[in-house]
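The first chain written gets the first letter, and so on, giving A, B, C and D; residue counts start at 1 in each chain.
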Amino acid sequence: MDLNQLYTELILEHSQNSENKGHLDHANCTERGHNPSCGDDITLELVCRGDIIEDASFTGSGCAISQASTSIMIDLIKGKSKEEAGELVNTFLSMIKKELNDYDKLEMLEDAVAFQNIGNMPARVKCATLAWHTLREAITKNQ
Amino acid sequence: MDLNQLYTELILEHSQNSENKGHLDHANCTERGHNPSCGDDITLELVCRGDIIEDASFTGSGCAISQASTSIMIDLIKGKSKEEAGELVNTFLSMIKKELNDYDKLEMLEDAVAFQNIGNMPARVKCATLAWHTLREAITKNQ
Amino acid sequence: MKSFDVDRIREDFPTLSQLVRGKALVYLDNAATTHKPIQVIDSIRDYYNKSNANPHRGAHHLGVLATEMYEKARDKVREFINARSSKEVIFTKNATESLNLLAYSYGMKHVKKGDEIVICISEHHSNIVPWQKIARLKDAELKYLYLNDDYRLDMEEVYRKITDRTKIVSIAQMSNVLGTVYPIKEIVKYGHSKGAIVIVDGAQSIPHMKVDVRDMDADFLVFSGHKMLAPMGIGVLYGKEEILESMDPFLMGGDMIEYVEEQNTTFAELPHRFEAGTPNVEGAVGLAAAIDYLNKIGLDKINKYEEELTAYALEKLMGIPQVKIYGPKDLEDRGSVISFELEGCHPHDVSTIVDTYGVALRAGHHCAQPLMKFLKAPATSRVSFYFYNTKSEIDQLIDSLLKVRKWLGYGS
Amino acid sequence: MKSFDVDRIREDFPTLSQLVRGKALVYLDNAATTHKPIQVIDSIRDYYNKSNANPHRGAHHLGVLATEMYEKARDKVREFINARSSKEVIFTKNATESLNLLAYSYGMKHVKKGDEIVICISEHHSNIVPWQKIARLKDAELKYLYLNDDYRLDMEEVYRKITDRTKIVSIAQMSNVLGTVYPIKEIVKYGHSKGAIVIVDGAQSIPHMKVDVRDMDADFLVFSGHKMLAPMGIGVLYGKEEILESMDPFLMGGDMIEYVEEQNTTFAELPHRFEAGTPNVEGAVGLAAAIDYLNKIGLDKINKYEEELTAYALEKLMGIPQVKIYGPKDLEDRGSVISFELEGCHPHDVSTIVDTYGVALRAGHHCAQPLMKFLKAPATSRVSFYFYNTKSEIDQLIDSLLKVRKWLGYGS
């Protein structure tokens, strides 16, 4: 994987000036995710009404990859139902593991497709997937 | 070291038909010596009067080298004073370690000179020295 | 033996072609440790020349390579023993460490006062001494399974000794002294029916026969790489995931932690939780190369060939009137380890004398003193084969044994 | 640097001349593990090709050879650290095992309720987590020595923390994060005056400087072979004979016993009592070859050369305005490990980016999470040199660091 593909403008923008970073006033679901081996540590905040994720944000610290991945994920799930969000998580993780055979599905990941080849950098996979695992936790706990 | 030098008639005779093997009626000093890594296990019996080792014998089991070395040692120390016996032990052990510079001293070891080159067979050194260490123990304890 | 070309195989083992005191080496001490094929030695060199790094800790190229090679080796071991998940495969330094890990991390936690630990009288010291400690500290009882006159284990003895109070059964699949192969599957089944966990010491079996942990249903399996062509310093502990999860960590330090605070630590997931400190990647890589080598030949072929060697050796040895065999005299449930006594000749003298003819065999208690006492033999001579040995080497063994008697002054 | 020919030295290390993604490898992760010279790699091959056997157990030729090589390696280590007797040198698999051995065999026996164990905040997890366990089990207190603003340890802090209740002081001679070299001799002296024993973790110091256990009077010293040119899977525990004698065995099994009966065991003499199971002879032989290599060059020359590299690197790094150094900024009492932060750039991104330029450095908590918390840095970047590194490699490092900022979207 080329640095060109990794540290794109999109990813740098999301990692350094994310509009999704900060606290939400009315969060009713928060979930912390961390990656002990590299120290990435994020907290997702969600405002859920019924089945719908109305708003989302995150706080915490980590590398550009983990920060950008979190921010891009949040853009994607805002306004989605929990089920849809869960489906997005599955799709993202399959993509990373290169187990996604149905290429049409890639499209629904929108900007998150930027991490498509992170599997070629095994040391960074955990950075890219942290937010998504954390979201899955949050959704499962709040069924 | 050649087998010719090791399994000599002298040594085989001493290991298989030792006249020094068996119990003494009036032993007043016995000492067990063993070699856990190879299982040699002997017990020295001494009849001491004052400073003199009047009689000696051994029981136990072990390889030809340990049995012969014990028997030859007993021949050598019978009738000697404890001090002389101690001196013999030192001389024998120095010979084995190839630290004996005074070659005249070799003579006093008589038949025990047969073990002169056992140092070339590191795995068998302990067999040859077992009896001598045991005798030293016995003498030190009975000062 | 068409498809098994031992001459070809021997070319892979540079050690075997060396001369000892001018005589061709006849190495018959494989139960102690085996020699290494060039494929394994080269794998070590290649690892150091191309990919050496501390795994799991580096995002740089070599760190990633080393991590991959280490984890691939783990997966190769998993496949070799047919474990469910590579989380169940823990690398240690040898079988001894694996057994001690179990004693400290399982035994200390789960054995209580009045419980029983059952082992066999033929265990290696590594499968005895750790349990003595647990039994003493926990006020539990260490019980022994004894063998029948045929050097085999009757299931009646198993039924007698394993009771509802038995918490741990730990037994070698194959004795390193007698060559006996024990009915592990039945023992595991009976142990489980009594609520015990069963540990299988595969140090002597794994190198020679297909072992399937799921089929035998063992809770734990331990073995050493160096007895199966791999480098020294690498061993394996297999454990069922749910039981490993229930255990306390053993060695503590780098790589086995999640969060360390000044006074508290949380631990990493399996298998890392049980692997503290910089792992022996070289050893794991070498073990993977060894497994590849064994697989390429095929354990079934190896097993069959070794059976032929064992049959031949037993026949020849029993042809010497002064030889007494300690162990089963037929091929049923026995491996390629043969212990014997040559009448009137102490095993250490035997070993010194045959060594001058190039023949390497083992003399002593073979780290099994309780068995030696049980056999009433202070020491035995032992030969143990691997698939690179030959019948003509057995002929040399027999020739040299006949000479032993001459050297020790007996008529021929 | 006349007599120190680094180009010549680099020829001994095949790994160093490899390309990573088309770029020359610049390996600056030596505190994690070092590369191996051909002399060490060849010693492994030669060992397996000519003398492989299970030591201490065989009277045959190869068994004797392997035993001799193993014990000679032990004596070489003894000489290297100037121990009195080779009984005081115990082979383990790494520094982590050595420290755990001390925790289990010394700590469990000698630490009592209300006692204190004192370590430094910069310890590696291997020198923290085992002591947490002992403190918890024994109801003792684990106390930390904190550093001053200069990342150094004031003796006042030592006087404050070590008290009459302190039983164990365990401290790394050199920090694997900060590079700080601590005043070990004074600490040992003060610890002894309070009746404590002092353990020195030499994992980072031994590879780079002359360490004399008699001069520093440490009770124990631990280190790992793989950080000093030797193979993985071999470590050392040095201990004063009389203290080792007072300790319980740790791992139990073959080779560490004297007599084993069904219910009881007596143990072998030092050093074997602490070495259970088949030892890693290959590792010991490789360690001996590594020591020979270091001695041939001379630790004094190595030390001097590394000091030059460190000075150069510190100067260059501090020339980048966005760099913050974690650790002493001058050469006094510091080794060749440098941790730093590049403003606005997370260490993991730094490491990924410089890796594409062939530069291998380390990012993360370096197995020292309590220190990271103390430093208020979740992670740092770390470079660490060995005597085969060069100034031009440092230039490459600096170049690549400048590119990191570009990649991450900052003006240069």
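The rule we apply is simple: contacts are C-beta pairs under 8 Å (C-beta built on N, C-alpha and C of every residue); 3 or more make two chains touch, one makes a residue touch a chain.
Bear in mind the structure is a predicted one, so any value in this text is a computation, not a measurement.
Under the contact definition stated at the top, the chains bordering both chain B and chain C are D. Put simply, chain C has to spin 180° for its C-alpha atoms to lie on chain D, with the angle rounded to a multiple of 5. In this structure, the chain pairs A-D and A-C differ in their number of contacting C-beta pairs, and the larger number is found at A-D. Of all chains, A has its CA centroid at the greatest distance from the CA centroid of chain C.
Chain centres here are Cα averages; for chain A and chain D they lie 39 Å apart.
With centres defined as mean CA coordinates, chain D is found 31 Å away from chain C.
Separation between the centroids of chain A and chain B, computed from CA atoms only, is 80 Å. Rounded to a whole number, the gap between the C-alpha centres of chain A and chain C is 47 angstrom. Counting partners per residue, chain C has 58-60, 63, 257, 259, 348, 352, 363-364 as the residues that reach two or more other chains. Among the residues of chain B, those in touch with two or more other chains are 37, 121, 123-124. Interface residues of chain A facing chain C in the complex, by the touch rule stated above, are 36-37, 121-124. On the side of chain C, the complex with chain B involves touching residues 344, 346-349, 352-353, 356, 363-365, 372, 378-379, 407-409. Those residues of chain C whose C-beta lies close enough to touch chain A in the complex are 56, 58-60, 63-64, 67-68, 257-259, 268.
The touching residues of chain A, counted against chain D in their complex, run 3, 6-7, 9, 12, 16, 37-41, 61-65, 121, 123-124, 127.
Remark: chain C residues 14-15, 18, 20-21, 25, 27, 29, 32-33, 35-36, 40-41, 44-45, 48-50, 52-54, 57-63, 93-97, 99-100, 103-104, 121, 124-130, 132-133, 135, 142, 144, 224, 226, 231-235, 250-255, 257, 259-265, 276-283, 348, 351-352, 355, 359-364, 367, 369-370, 373 touch chain D in the complex.
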